[in-house]
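Presented sequentially are two complexes of chain A, the first with chain B as partner and the second with chain C.
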Partner chain A sequence: MPMVTRPQFLPGLPNWSRKTFFALALTFICFAFAFPVLWLILTSLRPESGVYYVHRGTEFTLGNFKEVLSQERIVEAFINSAVISTLATIFSLLVTVSSGYMLSRFTGPASRMWFGTIYIFRCVPYISWVLPLYFVVQSWGIYDTYVGLLLPHIAVHICFFSWLMKGFFDGIDPSMEYAAMIDGCSRWGAFIRVAIPSALPAISALAVLCWLFTWNEFLFALILTGNRVPVITVVMAQFVTEMGLHWNLMAATAVMALLPAFLIALFGQKYVIQGLRI
Partner chain B sequence: MAAITLEKLNKHYGSVYHAVKDVDLAIADKEFVALVGPSGCGKSTTLRMIAGLEDISSGDIRIGGRIVNHLPPRDRDVAMVFQNYALYQHLSVYDNLAFGLRNKKTPEADIRAAIDRAAGMLGLHELLQRKPKQLSGGQQQRVALGRCIVRNPQVFLFDEPLSNLDAKLRAQMRIEIKRLHAEIPTTSVFVTHDQVEAMTLGDRVVIMRDGRIQQIGTPLQVYGKPANKFVAGFIGAPAMNFIDVAVAVSPSGVTSVEAWGIKLTVSDANARALAVRNGDRVIMGVRPEHLMLGDGAPGMGFDAGVEVVEQLGSEILLETLVGNTSITAARVPAETKIARGDQVRLSVQPGRLHFFDPETELPISA
Partner chain C sequence: MFGEQQRFVLLLIAPAALLMLLFQVVPIVIGANASFRDWALYNPKKTWVGLDHYHAVISDPAFLYVVLPNTFIFMVVSVAGALVTGLALALLLNRPFPGQKLVQTILLVPLMVAPVVAAIMIRWIFNDQFGIANVVLEAIGLEGQPWLVQRWSAFCIILLTDIWLWTPWFTLLLLSGLQSLPKEPFEAAAIDGTSTWRVFRYLTLPMLRPVIVVCVVIRAIDAFRTFDIVWTLTGGGPGRSTELFSLYAYVLAFLNLDLGRGSAAAIIGGLIILVLGVAMYRLVDRIAKA
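Then we have the complex of A and B:
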């Protein structure tokens, strides 16, 4: 009896060579992704004199981290970044969750218009938002303040993440909410007491994405803040000075800025992926 | 307790789609009514309008004499079982059952008593602490039933609750629902596309097609006296055979119908109605279970070629070909030696023929 076999990649090659091929390919891809990060970590551990010979020499130091942490402005930038990311996440989730829910559950002119608005803003290149936002922020007198950075971030989040949230709610069976409405809940009650708890894994995943998005954001922070609200991405770029480039210090700051993302990847990855899969 | 009345109920989606058309239906207190029809016939929409989950375009809905047209679902005192159970995934079975009562601010002790009673009826005691995800489909649907019972509502609404279960479980749950209705007689509306469920559960069956009610009647009425060809074909399994025949009245006054060598003598009641259509073509309907192997009564037999033999163990289903029309015969004894290609003699039990007008599809009767 003829056996039906799965079509194979690289047919005709012996099994061991195919396996080796895959192993090599995987190693190469992983290395390509990890190389910049490894280089960054290596640079952060070298004294200033060694940054151009990172691959040579045996002198390693934690001095860069010490120096960076002793600079008040950098510490302040870390705190600012954390606060702004957290606040932006909370406020944008408040809007995103209900807006995604509306897009998923209600069909009508209001929902369609909202969808259209978000769609248009998503299509506009990110960078072209900045100049108009700069003028708005200036005219409202909130330039270089927390609020002046928070509001634009929340606006971007709403446009980017309402779609994701819509997708999550699309995956949740609405009859649960109908059951709640028959069981004595109002429409809002069904949303808050049944839909939100069911979407909680997705909402947490989205919170992580939101937070990282703001934490990593550079362009808005650069244009919409001056000296009073330093954030980490901007401060990092400021190691490029007329006096030269402090690669070692920049790398040390960058390594510390990587930490939240790294921790999430290490411990939260499973839950984020699970949440995104709802 | 509560009767439900639907008067001239209509549902439009936009200007194009008219999902429910002029539905009039009076459901008595404690009655179990099954709404049945093919998908897209408007049965679920009708149910959702009764529940308040769907706005009505025009008409009136009364529950217990009170017009509920614009009341939100929570104020209608109804409970509903959904096709996909719709249990609150983040709550335990106990909290699922308690959800509705807690919304009504019922004291926790009363809630516990109500849940205890419902859990006893449905055998849910061991499951109370579990989450819905840890339950099988059948268990989940029992919890959904329990959620309805504990609230002690005026009306139970069922939206295809058995469709997601496998055949064996479906039969069990059907009995369970029937038993529950006997123990807690509550006005119930049961939507299904499965005519067996509708026939076995309903005190009365409502058959719908394209948004309109085709017939309302007891299971025996809709089976024995279908209101049109659609109902005749929809109710009963295997489905009724339809054969195009010509009416012929002999000089001696005997009415018969003919097609492809079949010549059947029509019994008295039908004969009178058919006699005036001498020479016309009509549609003859005969249910597979009313076709027997053998000669039968005089003038009631015809020859057929066997196409497919389906052995069910208890009986044989025969798919036969007469002319270019296939005719299914059920109730052939299981032991009968029969094979594809055989010629058999089939006969119709007297008085079991239905006739329909080919234009209007309405029954032709005296």
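Then we have the complex of A and C:
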């Protein structure tokens, strides 16, 4: 096999200057990408008196976090968001894994029709069904409750996740399932004991994405909840209008809202990249 | 009534289908019904008005000359911007260099940031009195700008925020795509001494095309219905100059409390994106088969 050299980046320059340029460019890109988050964190650590001149002064404090955590509504919003995201993830996976499996393993009119339905509903803008969803949820008496926010969240994930799940199952050889069925497994047994375990990396990736999407979701929560079930995104958006001047407290809340997402993503990054590679 | 296999198939999709029926189909039907009626709070009879709301929306100059162009400009620029930066970063991350893992983690950060949080950060950075953007501008002798109260600067900031938020999504999917490409054509090109640009233009790009097209289609549909960052950044202002279609429908229904007209606007937008979506699906199908 012949030796292959990669085409050089900026050919013609001496090696060290090319390397320096590359390193500088990388640092700049990373800085530009992380800057908004860094700035937010810095703001959240400044005392009230120093917040308007974040770039000046050296006083730092954790008081903002303490003050935010002493507000009952915000703590409640965090708990609500966490509970709803977790429940929505579990139920979404239950529903979409089986629907994706069906799309992948069966062909025929039923499967084609279901795929068409999913694609069309994926295209429908949220706003077109969230507006009337408000009436539906209200007439069923579940407006501003956990259930009333949870069920639409599960419904909204069906289309995209079934689509992704189909792709994952397409990448898994079905012959193991056939073998299990010949050995006396029922179809359900083959699905639950053979197909699901081999799709586990993909399912974990989906779980991470689902949790993040629900945690970050705004429009549904804005329309479908009132005062009884505050969730964190809505509470933060209200901050902007009601407490426009307390930037330090807002930054502290935002940093805390970022934290679980960071942890989940850090822990789940491996699964997401593996899972999406199929 | 059904064979064993049909029962299995139906049971697999039954929960998903039931949820979609209750929380998507039923609301859409109710919305369609509302769009033909005078569904305002002061009119309990909900009189049938036919296509009046549709006519009102389509002949509303704000919708025709501000909201629709905004939505399309937003969709095109946001998708194109995130695609170009995402592709560039994916190419960068695809070559080994020290610290590659760290850089990759940093570049994926915006993926975890809620759009609402991102909008709050950007609002603070571009605050006209205390934002760091103006501080930097003044430090180098330029005049600070009231960024979010001028139409085009506000629109550019919305676009930049959206591109920042969605670039990692493209990077992630394109990087997976790049890493699954076969190695041989690239080795052959290297032996022939092909320039970097030509390798990109005639090898990487055509081979990556299916992945790019799928990303663009999914993202374009989502960009069309963007709501949260615009709502939190400018609320559609100054005036109504940065309103996108989702905000237009929301304002009609929940601030003007005219649910009939709001639903009509939402359905018009839905139809536009449905036509676009089906057309794009055809395109993907053709490219995937070619």
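In this text, the second predicted complex is superposed on the first by the 258 of 278 C-alpha atoms of A that agree within 3 Å, B and C clash if a C-alpha of one lies under 4 Å from a C-alpha of the other, contacts with A are read in each partner's own complex, and residues count from 1 in each chain.
Just so we're on the same page, a contact is a pair of C-beta atoms (placed from the backbone, for glycine too) under 8 Å apart; a residue touches a chain by one contact, two chains touch by 3 or more.
Since this is a predicted model, take the numbers as computed values, not measurements.
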**Item:** Fit or clash between chain C and chain B when superposed on chain A
**Value:** fit
**Request:** Have a look at where A:198 lands relative to chain B and chain C in the superposition and call it first, second, both or neither.
**Result:** first
**Request:** Go through the superposed model and pick first if A:84 touches only chain B, second if only chain C, both, or neither.
**Result:** neither
**Message:** Just to be sure I read the superposition right, which of the two partners does A:224 touch: chain B = first, chain C = second, or both, or neither?
**Reply:** neither
**Fill in**
Quick note, chain A centre (C-alpha) to chain B and to chain C: the enclosed angle in degrees to the nearest 10 is 90
**Asked** Taking the superposition as given, does A:126 touch the first partner, chain B, the second, chain C, both, or neither?
**Response** second
**Prompt:** Does the superposition put A:184 against chain B (first), chain C (second), both, or neither?
**Reply:** first
**Message:** Tell me the contact category for A:176 with respect to chain B and chain C: first, second, both or neither.
**Reply:** first
**Request:** Quick one: name whichever of chain B and chain C touches more residues of chain A.
**Result:** C
**Fill in**
Across the superposed arrangement, the tightest C-alpha approach of chain B to chain C, in Å, is 9
**Request:** Touching chain B in one complex and chain C in the other: list those residues of chain A.
**Result:** 187
**Contact set on chain A toward chain C in their complex** = 2, 4-9, 22, 26, 29-30, 33-34, 36-37, 39-40, 43, 51-55, 94-96, 98-99, 101-102, 106, 110-111, 114, 117, 119-133, 135-136, 151-152, 154-156, 158-159, 162, 187-188, 191, 212, 215-216, 218-219, 223, 233, 236-237, 239-240, 247, 250-251, 254, 257-258, 261-262, 264-266, 269, 272-273, 276-277
**Complete:** Touching chain B in the complex, chain A uses residues 173, 175-176, 178-187, 194, 197-198, 200
**Request:** Note which residues of chain C are touching chain A in the complex, please.
**Result:** 4-6, 8-13, 15-17, 19-20, 22-24, 26-28, 30-31, 34, 89, 92, 95, 97, 99, 103, 105-118, 120-125, 127, 129-130, 132, 135, 164, 172-173, 176, 179-180, 187, 190-191, 194-196, 199, 221, 224-225, 227-228, 231-232, 245-246, 249-250, 253-254, 259, 262-263, 266-267, 269-270, 273-274, 276-278, 281
**Asked** Across the complex, what residues on chain B touch chain A?
**Response** 51-53, 72-74, 76, 78-80, 82-84, 86-90, 99-100, 103-104, 147, 151
